[in-house]
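The structure is given below, and queries will be raised subsequently.
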């Protein structure tokens, strides 16, 4: 992650793109890249999405790379470590959703973040 | 990142949530969390988004944590390392956008991924 | 639709909110509202999403209202009629996807727009 | 709107695409199309987004058409009229944000829906 963030700084500086990388703009770029992942899954069943053909998997991998790039760049512009932010959020969720209460519930709580 | 991915596996297994974590569903969760970042920035100017007050910054940090969580989880379900995917994508972009041609251009190419 | 657009103009003018309603900002608001629809569907199966309980349906209806509001407002700011834009796009797609070629194909082309 | 909805039903039936048009899938398609609008605005300033060149405006118009198409289709699958849902939501917001309190405030409340 440190390597990725450092390379993103160089990449933006070499191209004089820092002027475009406000957190506002980067949050928009993040939405665009996530949609490119969704585009691959929108008409698939859940089972199909678990069993991608190699070519689709290769393309989804590139889109995941793009989302990670923009997320790391956005976090860096705000002085945040995305991994640490993730680990801390997970700790909060661990308390909010004790395993015995949350087990197998397909409700809104069935995710990591509420 | 390895630690985060490992903890997410345990978290999902303890709650029997793996059934819900198809790549299709996780891509939707990713869109929801990115929108929670966007919600903070939508009515701000770019300058304001670069100078958040501490409370907003704290909340954006939590949302960035959520996006990192779902991105890591989605990548893990597909057998992908998000950092490696990001580094490789950046290498592709480096060739696609030579600094001297791309410098300061506020076009579609003004991002890491095209 | 004309009534909705007219009321949105009054609503924004009365509150002096036109300053915030740049197309850029409105496109972000649109993403936020769409994510609030997605939030209801993310952990449901496709079948469940076709059979919502009355309370969830009521809430999804409100989110659909919000998306229609921002879409109408964005279109109005750009001098566009969203219904006419939809009808024209559908005509383009009708030619692009002749029924006999596109029948039942769960590919990327399985939507209205490609 | 009635015409658009009717044509969408015919379009889907002729191509046997109803099987793919679950509300879950259509909400994903909606996110993809909104992102295609955002893509045009992400690196523009707010002022630039208010003054698009004719070619960009033409393309944004097509994307707005796509969003209207999927929104109408999603609403139709749930038995909802998107315009009526929008008008009713606006009435709710009118009470929630009295003009004298909400005037010119660049807060989260600076939109139609909270």
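Quick notes
To keep things simple, chains are lettered A, B, C and D as they appear, and every chain counts its residues starting from 1.
Keep this in mind: contacts are C-beta pairs under 8 Å (C-beta built on N, C-alpha and C of every residue); 3 or more make two chains touch, one makes a residue touch a chain.
All values derive from a computational prediction rather than experimental measurement.
The pairing of subunit A with subunit B is characterised as same-residue: of all residue numbers used at this interface, over half are used by both copies.
Across B-C and C-D, it is C-D that has more C-beta pairs touching. Work out the mean CA point of subunit B and of subunit C, and you get 24 Å between them. In this assembly, the C-alpha centroid of subunit C lies 2 Å from the C-alpha centroid of subunit D.
Under the contact definition stated at the top, the residues of subunit C that touch 2 or more other chains are 20, 25, 27-29, 31, 34-35, 38-39, 41-46, 106, 110-111. Listed in rising order, the residues of subunit C touching subunit B in the complex are 20, 25, 28-29, 31-32, 34-36, 38-39, 41-43. Interface residues of subunit D facing subunit C in the complex, by the touch rule stated above, are 1, 3-4, 7-8, 11, 14-17, 19-20, 22-25, 27-31, 33-35, 37-38, 41, 44-50, 52, 57, 60-62, 64-75, 77-78, 80, 82-83, 85-90, 92-94, 97, 99, 102-104, 106, 110-113.
Residues 27-28, 31, 39, 42-46, 106-108, 110-111 of subunit B touch subunit D in their complex.
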